[in-house]
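Have a look at the structure below before the remarks.
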């Protein structure tokens, strides 16, 4: 590490990357310099980030150093980031959510069989966004998923009974067990299609 | 192991495999003179020396060596069975050419992406949760009815549709069965035997192969035996314990 | 909002907080100023973050603006965060990614056809790494793939349009003509040979 200037740049980058405050000795170790040099570089950085000079300020909190935003940006940040946002569902998420909504509780492997392709990332996103939640385990030990109250509210549904009839998209409305069977059959046919075999199976 | 590291020392060429490919495609090395078997052996030696199997690299090698074999077989084989080749030579060459060009295009693009990613080395983006006061998506702030329920039934309805059956008419479906060839051979045996050439006269390659299976089956069952005077000679088939029929003239 | 200086500070703070690149109009809306003012303030910020000036740089990627670290901090960041930045792509992954990037949305069987070899494990890895994602289904029910904003960010691309024309890697017309000639001659040689001619020794 040569010169305070470069060290100051490195420290700024490290503080930028760390979600939590970093202790000075940790910074010194990462930058492979002495604690005293870090302190000197931090002082220079603090001066350049003095209130009013930039959008970021250096804060000493919880036994460490961290970068934070200047309060001047607070209203704009609220407008940009804090407004309630409902990101549109991707096709994969909508398919996964529909399966959970109509067949719940349902396991991930079952969702995969119905879709003919892995639902891993879609169901993880739905879990993170609070639209589905875990509901115990199946007899084979797979985690079961069901929809949440937030799901009902986002879709403006009073209860699961108010889910729209699939009949509009399927000329022969049937009871749930049959629905599941038919979904699985269609899913397996699709999985055969999506497979990378150069030559489809003769009964494909 | 990257294929670029595979060093070859062949009669007509010595250098890296990648270079050999380039030279063959530019016709600076005559593929007919390249012993592809030696290339395979060199590759196997490399694999053994390395002591580990990189499936991606092995697959890549298989694809390339298969392409070379295809090209070489086109160069050296007199003529294939008409029934198995439904493309005219020109069409086949054109199709092969287009495929090679397309694959080459995306290999080039892949190199470009590699370089781009390398150029981004050292650039990092922050990934930190928002400060608590800015966290969005808190339940009370989420508007009710933001999504339309019909999206769900439509998605499920889409999943219910069975995909259309694949059209397989372009694939040659073998229509000949062992049972059928068995009865054909048995009919010939009842007449005292036959030569294999007679048994498969005018038949396509698949039928010839299935007839051979049927013949093996008859031998196993003790119904037939055979004689072949020399390599590539005709095969005389006869019922067990019966005298061989006069040897048919080899075509 | 008064003066460019304060706007520049606000923008820096917004970019610091935002987990993804932010489009200029979104920044303008959050800061309650015109797009032109945002562009001017961004230009000033970019200048102050010119390479070598600070630990951070302004990047235009994935259709938006974002802050990133200067590569000068990479060794220290590696030590502090104890994780490598990105695993390099295998050749198979790079090829699959290139096909998705240029032909999106594209199905796995299509990728397989172009590569002449299965794309199953490569595309699964790309999905797991978040470089590609599902984009609905083809008319035959095969899942279609497209690249993600993360792909653009990691590869430093402003948009898919910044990818060079794929024709750039076409072989020269001379090479193509030679290859075509060669294949045609091979075809003619084969057609010209009678069935009775001796077969060359199979040394292949």
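By letter and in written order, the chains are A, B and C; residue numbering begins at 1 in each of them.
Throughout what follows, contacts are C-beta pairs under 8 Å (C-beta built on N, C-alpha and C of every residue); 3 or more make two chains touch, one makes a residue touch a chain.
Remember, it's a predicted structure, so these values are computed and weren't measured experimentally.
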Centre-most chain, if every chain is reduced to its averaged C-alpha atoms: C
From subunit B, the most remote chain by mean C-alpha position: A
Euclidean distance of C-alpha centroids - subunit B vs subunit C, Å: 30
Distance between chain centroids, defined by C-alpha means - subunit A, subunit C (Å): 21
Centre-to-centre distance between subunit B and subunit A (centres being mean Cα positions), rounded to whole Å: 40
Sequence positions of subunit B contacting 2 or more other chains: 124, 126-128, 130, 134, 158, 161, 163, 166
Junction residues of subunit C - those touching two or more other chains: 16-17, 67, 69-70, 72-73, 77, 118, 137, 140-141
Subunit C contact footprint on subunit B (complex, rising order): 2, 25-27, 32, 35-37, 55-57, 59-60, 62-63, 67, 69, 71-79, 88-90, 92-94, 96-97, 99-114, 116-128, 130-131, 134, 158, 161, 163-164, 166
Subunit C to subunit A touching residues, read off their complex: 6, 8-14, 16-18, 22, 26-27, 29-32, 54-56, 67, 69-70, 72-73, 76-77, 79-81, 107-109, 112, 118-120, 124, 127-128, 130, 133-137, 140-143
Subunit A contact footprint on subunit B (complex, rising order): 124, 126-130, 133-139, 141-163, 165-166, 168, 171, 173
Touching residues on subunit C, where the partner in the complex is subunit B: 16-17, 19, 57, 59, 66-74, 77, 85-86, 88-92, 94-95, 97-99, 101-102, 114-118, 121-122, 137, 139-141, 153-157, 163-164, 166-171, 175-176, 178-180, 182-184, 186-191, 193-195, 197, 199-200, 203-204
